[in-house]
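This is the structure I want to talk about, given as structure tokens.
To keep things simple, chains are lettered A, B, C and D as they appear, and every chain counts its residues starting from 1.
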Amino acid sequence: MASLNVLDFEKSIAELDENLSKLHQIVEDRNNPQNKPDLAGQIAELEEHRTALLSALFANLTPWDKVLLARHVKRPYTLDYVGAIFEDWTELHGDRMFADDGAIVAGLAKLDGQPVAVIGHQKGRDLKQRQQRNFGSARPEGFRKAGRIMQMAAKFGIPVVTLIDTAAAAADIAADERGISEAIARSMFEMATLPVPIVSIIIGEGGSGGALGIAVADRVLMLEHAVYSVIPPEGCAAILWRDPERKSDAAAALNLTAQRALELCIIDDIVPEPLGGAHRDWAESAESVKAALLQSLRPLTGIPAPTLVAQRYEKFRRMGRFTELEGV
Amino acid sequence: MASLNVLDFEKSIAELDENLSKLHQIVEDRNNPQNKPDLAGQIAELEEHRTALLSALFANLTPWDKVLLARHVKRPYTLDYVGAIFEDWTELHGDRMFADDGAIVAGLAKLDGQPVAVIGHQKGRDLKQRQQRNFGSARPEGFRKAGRIMQMAAKFGIPVVTLIDTAAAAADIAADERGISEAIARSMFEMATLPVPIVSIIIGEGGSGGALGIAVADRVLMLEHAVYSVIPPEGCAAILWRDPERKSDAAAALNLTAQRALELCIIDDIVPEPLGGAHRDWAESAESVKAALLQSLRPLTGIPAPTLVAQRYEKFRRMGRFTELEGV
Amino acid sequence: MPPDGWFRRKSKFAPAPAAQIVAQVPDGVAIKCAQCSEIIFTKDFEKNLKVCPHCGSHHRLTAAERIAYTVDEGSWVELFANLRSVDPLHFKEYDSKLAKSVQVTGLGDGFVVGTAAVSGLPLVLGVSDFRFMGGSMGSVAGEKVARAMEEGIARRLPVVLFTASGGARMQEGLLSLMQMAKTSAAAARLAEAKLPYIVVMTDATMAGVLASYASLGDIHLAEPGALIGFAGARVVAQATVQKPPEDYQTAEWQLGRGQIDSIVPRRDLPQTLATLLSLLTGRASVNTGGLNG
Amino acid sequence: MPPDGWFRRKSKFAPAPAAQIVAQVPDGVAIKCAQCSEIIFTKDFEKNLKVCPHCGSHHRLTAAERIAYTVDEGSWVELFANLRSVDPLHFKEYDSKLAKSVQVTGLGDGFVVGTAAVSGLPLVLGVSDFRFMGGSMGSVAGEKVARAMEEGIARRLPVVLFTASGGARMQEGLLSLMQMAKTSAAAARLAEAKLPYIVVMTDATMAGVLASYASLGDIHLAEPGALIGFAGARVVAQATVQKPPEDYQTAEWQLGRGQIDSIVPRRDLPQTLATLLSLLTGRASVNTGGLNG
């Protein structure tokens, strides 16, 4: 782990990691095969300490810590999962009307030998990628591409998997000009009646309509440290306290963690991350996501389409909390 | 009829019209009620002569004359017919994605008390209108608006009427950028299976894909002097003879008249125009078109949708001329 | 999904919220139009359906005014009036804001649903009241929109919704966000039932509401000058380098962007709705006399 | 709908038509790439599937070459080979042009249809040969496209069409134009039957063909550098003030405009098709060995 991209609360871990890596370096030094010091005991001790520290730290993350983890630049992105989880990935481009939006990737692939359509937000890791991907903020074309691929999946009876990782949908004038609102609404509208199984997993940021726009699914999963929110904490703080810096308080108020989302019956399950977060072990993260996808898809396969669609409707129909007065 | 906008072959008629109008002026001169000359005989004679001349002229129009008539700036355009034929016309705008294309108008209205969806190319009569309407050359948004309204009509079981009057679809870079080809193809694709009756009438120019894009109908009609062509005569002449001025020869070669289109089984019927062309009597033209629409729609109403769609498929499926060799 | 108070308005195009109309003359005899600053006698203002007689600005209506201006007299029957918001997240000041909105508006919540008739044509009608926390969509508004559509399906009636909302209601967190999915799914059901769904966008229709049920109508009408857009001015400014055009996020701008079928002045809305309902259902309308006949 | 000879090509992006490759060296030992002007030994050119080893330009293929490069050896069975164009309008020089095209290509018409397999996966395949009057779509091409789709429906097979055409065939007038409707209607039937339809756009795919069956695939692939657009350069120049971008109407430009799913180099096409057919049908492909295995 580079010393860049280390979150504040991760600093003690980073120091331990550095020490550990020094010890490993000494042990593995090939120029000094004879005089190899026996550091096994020291290493084991340090690793034990590291595990304990990580466990303690990650057992007490604040909602704002989770926001930072969800946005972590080393966190695996959609295409990282796609490469690790699926076979025969074939990316498909374009909305057939105006453009190909790099902020949403879509394509066909196989999951454990079975065809699936895969759609997900894609962030960029370096500046160039970020610009090309619009920081993962989808434009109307992205939602329309997603819709096209979902309709294709429906036509051929192929289940759909979506991976959610976006701060928000594009909110610039150009996106508005080309109907970003309509594109999000239409995507939810079509997903609501799509006659094939849909599983969505929030792998990082689940940013309001930009996230929900491709997350109207039969099963909605969240990675352990992902977040899902109606508004970014910064925006919420700006409105509540006229102070975007109070984002940490806002994050707490918004109940945006996977744990709260599950309690509120917004999501169906939490997918465990490696100790210390998904960014520490991409392979283990991918294994975890793959297992969760398979487990979620399996019971959906074989359900007749009308039943599936009716259940999906009921699922979202039930969401919300209110009271009904008597005698009014 | 102003002396502007008079086609060459109409000049003799224009002269007669001028003389007639002078005679009428003398008769109607209110300042001279006492001394009114009896010109009734002269007028009747002139009018008879005019009718004979018109009949003779219009019985021998060349294909190029028809092209000029079809493009006549005084010829009634789609909205002129809409205003005269339908009740409760409610124009609906926009493709719900990018823009509202003025080159195609669309809306709902009643024809003889029955709801219909009405879609048509709209040319402009003055410079400002022409720019706003893009000279009747539809952009992708126009076809997508048309498609949206047709899908709405299908949803509510409302028949569709399209009025065709375009030199061609927009062929500029911007139209290409936004998928003009896809938009035309998609429109035909969707019309092919639209589960409601569709009647199209070519009221002026039927310019290649831009026209056919909204003319995949159960019944395709053409006004007597309208034209329908795979390529504009000028373009054809440019290719054949490298000389756009030989457009008259090209018009003949292309077989673009209503009479030839009927013989080739491309259209179902020819709708008569007033003597001397639709531009001489808008009201009579509208009556003629209205009667033709009603006559065409009536037998289609009540046909079950699958039968209707199957018949429409067979209609276009049969089009084309070729031979099948034996023993190959 | 920003709530009320989030939207900057262009002076030239967007009308001012009704709340900004300041009574300038004692005893409520007259008011001052916040758009053109002209003085309007209250009785002229009311007679003119709260459209400024000087500048044509369409000032916001309460849900009750909207219903009165739209439906046949005596035809309105409210439904689901007993739904009330709760505070599931114990969100800062939500309770007090709710209480204040109830007090100011006299409504149980900001979205009102009922059955009614326009020129004799029956329909399910839903109206959002912008005064109630900026018309924001929480669990109750989402529930009422969904019920309006289900009522349409059950009674085989067209559904007409008047939108006016800043977006999702932040104070209910994800529960609010999910109302976007819920209402969109309900709209999909209504569409499958082949029943007409007409949206009338009024000032302002934004964010989570525009990005869900407001953009899914068979027909989209809008009042002149209504503010209609995805993100508030602040968010747009952050995301965009260039300056927005003068008429950005007005109904007129959205018409040009293909999102709206027709902009209809307030006085013509009942007749336009009647014509469209007649065209889409094949039923004949009747002249019911009075204001909207 | 302009025919062949109508399209100006950009030197940087579009490959030259095979016909323009001039043999520079006697006895056909080598040719000169019309794109980069480098000399290519004929046997290298053939081995490289007629892709220039110097500049990567994908030169046009005959229908026979395309089929040989694409399908499993021995799997090709041609259908409808007995269809021949007639001259219904007695159009200037059409007869002689047809005769010349038949002579040059050895084909009955410019569009070839058959059944075949790719990596063991069965399909209906159609290929346009640009040498035959610029691949223009007359009654025969339209009929064969429609029959290819109907064959797919009858046999429950996916349909893959390689397009290469200047557009509708002017010499058959309206009969040509109607092939746009006919092929689009056939594509609609294929879609209703829920059978995969893959279009592979090759140089050039224009006008009436692009505006009908070529734009209606579930998946659109394209060869690198292929010219793909609505109108020919002359028409575009008349209709547009600004200068087209350097890569205007190339496959790469169309990819950016959202019209193409993927640009696939010629050598990879069989594998890509096999993967897509397997994904869309759920059938497993098999390694059939050889060039395309």
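Simple rule for what comes next: contacts are C-beta pairs under 8 Å (C-beta built on N, C-alpha and C of every residue); 3 or more make two chains touch, one makes a residue touch a chain.
Remember, it's a predicted structure, so these values are computed and weren't measured experimentally.
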Looking at chain pairs B-C and A-C, which one is connected by more C-beta pairs in contact? A-C
Distance in whole angstrom between the CA centres of chain A and chain B is 55
When the centre of a chain is set as the mean of its C-alpha atoms, what distance in Å lies between chain B and chain C? 41
If you average the CA atoms of chain C and of chain D, how far apart do the two points sit, in angstrom? 52
Averaged-CA centre spacing for the pair chain C and chain A, given as whole angstrom: 34
Quick check: what residues of chain B touch more than one other chain, meaning two or more? 96-98, 177-179, 182
For chain C, residues contacting two or more additional chains: 191, 215, 257-259
Looking at which chains touch, is this a line, ring, star, complete or other? other
Considering every pair of chains, which are in touch? A-B, A-C, A-D, B-C, B-D
So in the complex, which bits of chain A are touching chain D? 88, 90-100, 108-110, 114-115, 141, 145, 152, 155-158
Show which residues of chain B lie in contact with chain D when the two form their complex. 169-182, 184-186, 188-190, 192-193, 208-209, 212-213, 215-216, 228-231, 235-236, 238-240, 253-256, 260-261, 264, 266, 312-313, 316-317, 319-328
Residues of chain B that touch chain A when the two form their complex: 96-98, 140, 144, 177-179, 182-183
Show which residues of chain D lie in contact with chain A when the two form their complex. 191, 194, 196, 215, 218-220, 255-262, 272, 275-276, 278-282
Going by the contact rule at the top, pick out the chain D residues touching chain B in the complex. 1-3, 5-6, 81-86, 88-89, 91-92, 108, 138-140, 142-143, 146, 168, 170, 172-182, 184-189, 191-192, 207-208, 210-216, 229-231, 234-236, 238-240, 242, 244, 248-249, 257-259
